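Below you'll find the structure I mean.
Naming follows writing order (A, B and C), and every chain is counted from residue 1.
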Amino acid sequence: MVETLLTESNAASHLEARGVHVWFGQRQVLQDVNLVFPSNQVTALIGPSGCGKSTFIRTLNRMHELIPGAGFAGQILLDGKDIYEDGTDAVDVRLRVGMVFQKPNPFPTMSIRENVLAGLRLTGKKNPNMDELVETSLRRASIWNEVKDRLNDPALSLSGGQQQRLCIARSLAMDPAVLLMDEPCSALDPGSTRRVEETIEELADQMTIVIVTHNMQQAQRVSHQTAFFLSEDGNPGGVVEFGTTEQVFNQPIDPRTNDYVNGHFG
Amino acid sequence: MTATQIQTSTIKPTNPWAKRNKARTRDVAVASVLPAILAAAVYFVGTAMGATVDPAVLLILGFLPLQLVSAFVVGKKYYGRHGREDALLIVVTIFLSTFVMVLLLSVLWSVISAGAIALRPSFILQNSHYISGTTSLDYGGAGHAIIGTVLAVAIATILTVPLGFGIAVYLTETGGKARGLIRTLVQALSGLPSVVSGLFIYSILVLMGWQTTGFSGSLALLPLMLPTVSRVSEEALRLVPVDLRNGALALGSPTWQAFAKVVFPAARSGLLTAVLLGVARIVGETAPLVLTTTYNNDTNLNPFNGPMAMLPTFIFGYIRNMYDTSIQRGWGGCLVIMILVGVLFVGARVANRKKK
Amino acid sequence: MSPQGDTKIPARRQLVTKPSRRADKVFFGLTSVAANFSIVLILLILGFLLFQAWPAFQSQGFSFFSGETWDSSATPQIFQIGPMLWGSVLVALLGMVIALPLAISLAYFIEFMAARKIAAVATTLVDLLAAIPSIVIGLWGFAVFGPVAQHWAALLHDYLGWIPYVFYHEGSNYGGSPFIAGLVVSVMIVPIITSVTREIFSQMDRDVINASIALGAGRAATFRKVILPTASGGIVGGALLGLGRALGETIAIFFVLNLVFHINFFQVINGEGGTVASMIVSKFGEADAPERSALMASGIVLFVLTLLISALSSYIVKKAQPWRTN
C-alpha cells in the first residue's frame, strides 16, 4: 500500500474522449475518436506506425496544442470536466495528467534525486517530506534499490532503462491521476522493457494509465483494455475497434483488427 | 466492445485553446497598451506645460514598471501563479529585444540616411585629389578608395582561398596526424585581434625596410580571412555524405580523384559560401590597414608600389577630420562598404540555398 | 567463438592511409603544405612580434604591465601600458555585461516566443548585423550614439551619483568614458552572442523541454530551471567569444575613448581610460624604434590575452556539458 504524500492527493481519475478530431495544419490526422479510460485501469493504444496514436495521446494532456498549426475538435473529459473548456489552464491539466515519453529524457543538469523532485521545483509545489517522496517515487518506479546509494549522481550516469524508470518516478512524484505513456519501452532493451512493464502492472491499480505501444505482446501483458487505431490510404486515422484486451486480441470483431493482431501487417 | 468504420467527416477544427475569451482578450489588450499610452501622455502633457521630461528616464522609471505591474496583474488573474512570472518574462524579453533591435537598426538607418547624402555618381567615380576636409560634396569622391579595397581584397582572396581550402581538405580528407593541432591553431588564429595582425605585417615591413603598399595591406588581411574560409569550407566538406566519397573509393578511385570528382562538386556551394563570408569578414577591416598602408588622395592602380587608399582608411581619415563635410564623406564610404557587405551576404545566402 | 587457454591477442597494426600513387602524393602534399602554413603563420606572428618587442620588455621590466607612464621624450623612455591594459579589460567586461542579457533575451525571443516568420526575419537581421564592420559602428558611435550615450551617462550621474566612487565624474563633458565605449562594444558583440545562443537553444533536445512542460511547468520556470542550466555551458562559451572579440576591438571605440594614462578602475562614466588596441593605432604613426618596440609588446600582450580567453572558453564549454556526447 503506497501513500501519496502531496497534500492534495489525486485519486485516480476517469478520462474520456468524445468526438475527437485532430489536424496538423490542413491535414486531418485523426477522426471521430471516442474512447473511455476507466479509473485504475490500463488502456493500450495499438496500431501501425503513423496512424495517430502518439498524436492522440498528446491531446489528453494538452500538449498537442504546442505544435504550430495544431488543430483539434471534440472534448476530453477528466472526471466529467472538459479539459479544453474555456478558462481551463493547460498547465493545471498537466499537473493531473502526467506523461512519460518514448525516449528517456531526464534533465541533464540534475542529479537523480533532483530529477525526481524536478516537477515540484518547476511548479513551485512544496512538500515537507522531500526525502520520503523521493524514496516512494523511486520505489513505485521499481528503481529504488539500484539508485538508493547514489541519489546525488548525475541522472545521465544511469543506463537507458534506468533513465526511463527515473522519468516514471519523476512523473509519479507529482501524484498524477492519469499517467500517459508514449511507447515507453521502444528505446529500451528487453531486460529494461520487462522491468518497466512490471512497474506498469504494479501501478495499474493506483492510477489510470494510457499506454501507446507497438508491441502487441506488451499490450496483452499489461492492459485491461485495448483500442486499435488505423489509418488507411492516407485518410485520417481513427479507432477501428475498442474493447477489453481479451476480446480485441482473441475475438476481434473487425477483420482489420484480426489481421493486425495476428501479424498480417503493421 | 465497439468496432467502427472509419468515415470521412466534414468537421472543422475548433481549437478551443485559441478561443478568444472576451474578458481575457480585453484585459490583455489593455495591459499591453495602457502603460505606453500613459507614458506618452505624461511626456506630451509635461512638455506642453513647459517641464522637461526626459524620455530615457520616463522609459525606465515610468513605462517599464507600469508595464511590468500591469502584465503581472493580468497574468496572475488568468493564469495564477505561473502566470505572474510568465508575464514578467514576456515583458522583459520583449523590452530588451526591442531595445537591441532599435540600436542595431539605428546603425543601419544612420548609414543609409546619412550615407545617401554623400552618395552620387561623382562619389563613386572620382578620387579625392583636390579635396580638403571642407570641400563641398559636389566635388571629389571615394573612387580611388573603392578601387583600392577591391584590389587589396582580391589579392588577399587569391592568396587565402587556396590555403583555406587546402587546410579544410587536409582536415577532412587525409588521415594526417596533425589534424587536432591544426584545428586548434586555426581556432586560435580566429581570435587574433585585427590590430595585432597589422602589427605583425608592419613589423616585417620595418624589419625588411619595405614600403607600405596595397599588397602589404592584403598581407595584413590574410590571417584574418584564413580562419573563416578554412572553418566554413571544412563544414561544407563535412556535410558531404561520407558514403559518397566511400563509394568512389570503393570503386578504386584514388583519393584525389574521389575528392575532385565527387566531394568537391557536392560541396561547391558551401565552398563558395566560405569565400564570400571570408571576403565579407575583411572588407571593412580598418586597424590592420591603418598600420600597413598609407593613405593616398589619388588613384593608384598598382598594389605593389606606392601608397594606396582603401575604403576603411578613407573613412577613418575623414572621421578624424571632424568637419561636417568630412563626416558626410565618411558616411558615404560607410554606405559603400555596407552595400558591398550586403551583396556578399545575399550572395552567401543564395549559394547556401543551392545546397541540396 | 571465444578465445580459450593461451590464445594471445596479436599486436595492433598501424592502419595508416598513405598515398601510393604519385597524384595522390601530390594531393596529400599540397594540402599538408596548406595545413602546415597555419602552424608557420602563428609561429611567425608570435616570433616576429616577440623579436621586435623584446627590447621593450627588457628595458621596461615588469612595470611595463602595471605602470602608468608613457613618455617617449623622457630619458630613459618609459613605456607602461597599465591603464590601457586595465582599460581593455574594463571596456570588454562592460560590453559583455551589457550585451549578454540583451543577447540571451533576443535569442529566447527568436527561438521560443516569436512566430516562425518573425523568427526567420529576426535571425536574418541579426546575422546581417553581425557582419557590420567596426568602422561603421565606430562612425555611428561617434556621430549618432555618442550624444545619446553621453546623456545617459549624465542621467546616471544625476540619479546614482550618490553611490561613492563608481559614478564619480569630473567636469561637464561626458564623452570618452569606459561606459560609452562599453555600450558601443556591446552593440558590436550582441549579434555574435545572439547567434551563438540561438544556435544552442535550437539544438537543445526538445524532449527535455517537453518533459518540463509535461510536468506542468510554465514558460518562465522552464526557461529558468531547464533551458538556461542546460544551455549554460554553451552560453558561457558564446559570452567568452564575445569577450575575446571585445578585447580586440579597435576602431569601433577609437572615437569614443579618451586615451589617458591614468588607471581608471571603475569610474565608468569618468572620461579617462583607453584600450591597448586604440593606443596602438593612435601612437604607431609617429613612433620611433623604441616606442615601436613597446607597441609590438603591447600587441603581444593583447594576443596572449585573447588566446587565454579563447582557451578558457573551450575548456568551460567542455567542462560544463559533460553530458554532451558530440
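A few points about this structure:
We adopt the following convention: contacts are C-beta pairs under 8 Å (C-beta built on N, C-alpha and C of every residue); 3 or more make two chains touch, one makes a residue touch a chain.
Please read all numbers here as calculations on a predicted model, not as lab measurements.
The greatest centre-to-centre distance from chain B, using averaged C-alpha positions, is reached by A. Summarising the inter-chain contacts, the pair of chains with the most C-beta pairs in contact is B-C.
Distance between chain centres (mean CA atoms), chain B to chain C: 16 Å. Remark: chain A and chain C have CA centroids separated by 47 Å (rounded to whole angstrom).
Across the assembly, chain B contributes 79, 82-83 as residues in contact with two or more other chains. In chain A, the residues that touch at least two other chains are 91-92, 123-124. Shown for chain C are the residues in touch with two or more other chains, namely 217-218, 221.
Across the interface of their complex, chain A is touched by residues 115-116, 205, 207-208, 210-218, 221-222, 225-226, 229-230, 232, 322-323 of chain C.
Within the complex formed with chain C, the chain A residues making contact are 61, 63, 66, 68, 91-92, 94-95, 98-99, 101, 103, 105-109, 118-119, 121-124, 154, 156, 167, 170-171, 174. Residues of chain A that touch chain B in their complex: 19, 21, 23, 31-32, 62, 65, 70-73, 84-87, 89-92, 123-124, 230-232, 235-244, 247-248, 252-254, 257.
Across the interface of their complex, chain C is touched by residues 54, 56-57, 79, 82-83, 85-86, 88-90, 92-94, 96-97, 99-101, 103-108, 110-111, 114, 162-167, 169-171, 173-176, 178, 181-182, 185-197, 199-200, 202-204, 206-207, 223, 226, 230, 254-257, 259, 280-281, 283-287, 290-291, 312, 315-316, 319, 327, 330-331, 334, 337-338, 341-342, 344-345 of chain B. Residue ranges on chain C touching chain B, taken from their complex, read 16-17, 19, 21, 23-24, 26-28, 30-39, 41-42, 44-45, 48-49, 51-52, 101-103, 105-106, 108-109, 113, 122, 125-129, 131-140, 142-145, 151-152, 155, 159, 187, 190-191, 194, 217-221, 223, 244, 247-248, 250-251, 255, 277, 280-281, 284, 292, 295-296, 299-300, 302-303, 306-307, 309-310, 314.
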